[in-house]
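Shown below is the structure under consideration.
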Amino acid sequence: MKTLFFEDYELGHCRISTGRTITETDIVMHAGQTGDFYPHHMDAEWCKTQDFKQRIAHGTLIFSVAVGQTAGEINPEAFSYGYDKIRFIKPVFIGDTITSKCSIKEKKDDPKRPDFGQVIELVEAINQNGKTVLVAEHVLLVKKK
Amino acid sequence: MKTLFFEDYELGHCRISTGRTITETDIVMHAGQTGDFYPHHMDAEWCKTQDFKQRIAHGTLIFSVAVGQTAGEINPEAFSYGYDKIRFIKPVFIGDTITSKCSIKEKKDDPKRPDFGQVIELVEAINQNGKTVLVAEHVLLVKKK
Amino acid sequence: MKTLFFEDYELGHCRISTGRTITETDIVMHAGQTGDFYPHHMDAEWCKTQDFKQRIAHGTLIFSVAVGQTAGEINPEAFSYGYDKIRFIKPVFIGDTITSKCSIKEKKDDPKRPDFGQVIELVEAINQNGKTVLVAEHVLLVKKK
Amino acid sequence: MKTLFFEDYELGHCRISTGRTITETDIVMHAGQTGDFYPHHMDAEWCKTQDFKQRIAHGTLIFSVAVGQTAGEINPEAFSYGYDKIRFIKPVFIGDTITSKCSIKEKKDDPKRPDFGQVIELVEAINQNGKTVLVAEHVLLVKKK
Amino acid sequence: MKTLFFEDYELGHCRISTGRTITETDIVMHAGQTGDFYPHHMDAEWCKTQDFKQRIAHGTLIFSVAVGQTAGEINPEAFSYGYDKIRFIKPVFIGDTITSKCSIKEKKDDPKRPDFGQVIELVEAINQNGKTVLVAEHVLLVKKK
Amino acid sequence: MKTLFFEDYELGHCRISTGRTITETDIVMHAGQTGDFYPHHMDAEWCKTQDFKQRIAHGTLIFSVAVGQTAGEINPEAFSYGYDKIRFIKPVFIGDTITSKCSIKEKKDDPKRPDFGQVIELVEAINQNGKTVLVAEHVLLVKKK
């Protein structure tokens, strides 16, 4: 655990995760967790007839993995308020390897809570070819000093 | 499968899922899927010392479950573009039962793709006490007729 | 949910599921769920020495998946009484894609319950080559009007 | 492995498994494996409004577990032909403990295969109160000497 | 269950398990169970840059599988005291098939418990090429007659 | 990643993990992963008749979790050689919360590899009452400067 106040967050600061290969297991388990058994994720034969030719990972799987990868040390003064602008930029296939980047994109006052500021973290999931597959903005509420 | 064009989406149309109880199993499996073993989700003893007193579900778990619950019939003319304004409004505890609502909130032209429109679905996850625990806006790109 | 009485079931009516590829993950998870670690399912080397040359899915896995695939809308007036004539017609290998068909095969009075009738649903699991791999008869008890 | 021919199976011979408590985890995993998220298994709140008052295990879960429990030694001369008369006699709740019995109920010639006989094993799953919750008849094809 | 006293264990007695192929699923599930998402197990791209060229199974996975494979009949007079000299001799890759051997290596008095003896079982996990990948010594405390 | 040579390890240095509650899910998943369905872990009714009165976690589960919890930063100059003196000191029950400690207990030359030293890490898993439930010694081979 590491206490950080709003003032301690540094614009542009960036952390990068280790990589993780997205496996068939991840997709099957995520279908089982969410109940989303769409053929895009589960039916290899049907996928062969589609533009992308093979099964693709659920968007919520890649989002969940990227958020998990960028989880840093616990900061007791910060609260996760939500996410904005989640965009599924490229499909993720079985065997793709995802690395996630989390950088401080913006800091601003919170409109309703004078003791807190909003820290906007840009989360980017990048595949083994250097292509960004998903972006999202994480809104943190952080106590001011 | 059911083909729907942009024009076919009806503002205010709403579908409601069956309920699903969020279990300890869901949290343990989601930790295992994402690598997020924060004590908020995994350490019942530490949680007793916190305001919320008990383990809470991962935000990405509730988001993934709500998205899974509201997955309707496959529409080959629609593409998931992303999500906006995901907000974690209330904690979800082990044993809470989530029902999800998905309503058509807005329809608008897509700025870059004249053949497509944007359909904004409001996803709401609601617990057994009728309290909304999570909201998100799903942005669909849908072919025009 | 959709209420259907015995009289509402139509002989010959048929519903077909989306496809689902049976993965190594499914087999490993099913072994873990049932405790059946027979080499037929778990030992790729031993399987090479057998007629079928590769690991095969558990019969109970394919049965469970087919039943899951054909689960239609909930009918509060129907009760699952059991299954008859489950037959494992062909082995299912890792990577095979199963689609399930459920058709109303027979309707008859229930010998002991005058207010109920028996509806016999024929469940067929079919692989990507159009071959039936499993059949079973589902016996439903359904309230009469 | 233990080779047994048709003639070696003894009518009335019975084996009994160790017990296994059916957990919430088993139900959640089985829903994830089959895609059957019916509220009977997944929605504790809705279940409170039903006669059985609490979540019940999937029939296919109890069948799969009972079959797994009664899996004896591998007999290279026997083939599983299928199951008959699966009956869901009593609901199984979270926390119930299942023990399975497998007894040789019948031996008969196979109508199409003169070199084989049919051995009918009666599978019974019994809960902690001694009540039978599921029965099924396993049809084995066994080589004759 | 089968009661065996210290005197009943026979030096050199050996049992051999059926084989089990270590799958990507096993590694992904073990990462999820332990929280160990090291790139050695999870990042196929990074592994390509290392000497071993591909993902390797967690040591604790192979140890757990080998212990599970060698679990014999329950002996109510024996207690697992611990393990000594666990050695990870060779990496285990996805697709390797492990068979485990358990042999009685040593019997000795227990220094603190005169009514018990120590039985040392040598556990060996062997791959499809006959190479030992893991060894461990299991220390059992067994009641004397 | 953080490069540490043999000389950089400091005797007595200790790191402590966050806590993790051992759940019924962990036990059910570990049984499924290892194939160990002994009634000690799986049969709540039988356990009531035993001294410990309730289901206990597999030793290999607690060992795997403790090793996972103490996994620090990756050191490319260190190799895991094995474990010694794993001792199961107290049973772990469902709901117990484990915290793990890893301290540098000993440093010594490696008898066969002059360029490497052995670093012995003492791993201790401690429950919510401060009782040690498992100890093990991790033998690391670390490159000398």
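Just so it is clear, A, B, C, D, E and F label the chains in written order, and each chain counts residues from 1 on its own.
Here is the rule we use: a residue touches a chain if its C-beta (ideal position, glycine included) is under 8 Å from a C-beta of that chain, and two chains touch if they have at least 3 such contacts.
Keep in mind that what you see is a predicted model, and the values were worked out from it rather than measured.
**Q** Centre to centre, using CA atoms, which chain is the farthest one from subunit E?
**A** With centres defined by C-alpha atoms, farthest from subunit E sits B.
**Q** Please state the rotation angle, between 0 and 180 degrees and to the nearest 5, that superposes the Cα atoms of subunit B on subunit C.
**A** Best-fit rotation on C-alpha atoms: 180 degrees.
**Q** A-B versus A-D: which interface comes out with more C-beta contact pairs?
**A** Of the two interfaces, A-B and A-D, more C-beta pairs touch across A-B.
**Q** Same residues or different residues: which describes how subunit C and subunit E meet, taking over half shared numbers as same?
**A** Result for this pair: different.
**Q** Determine the centre-to-centre distance between subunit D and subunit E, using the mean Cα coordinates as centres, and give it in whole Å.
**A** The answer is 30 Å.
**Q** Subunit E to subunit F: how many Å between their CA centres?
**A** 15
**Q** List the centre-to-centre spacing of subunit A and subunit C in whole Å, with centres computed as mean CA coordinates.
**A** 37
**Q** Multi-chain contacts only, two chains or more: what residues does subunit A have there?
**A** 18, 20, 24-26, 29, 33, 35, 37-39, 74
**Q** Residue numbers of subunit D touching subunit A in their complex, please.
**A** For this pair, the touching residues of subunit D are 29, 31-33, 35, 37.
**Q** Can you list the subunit C residues touching subunit A in their complex?
**A** So the residues of subunit C in touch with subunit A come to 18-21, 23-26, 29, 95, 97, 128.
**Q** Which of the residues in subunit D end up touching subunit B in this complex?
**A** 24-25, 28-29, 37-39, 42-46, 55
**Q** Under the touch definition given earlier, write down the residues of subunit C that touch subunit D in their complex.
**A** 20, 26, 29-30, 33-36, 38-39, 58-61, 63-65, 67-69, 71, 74, 80-88
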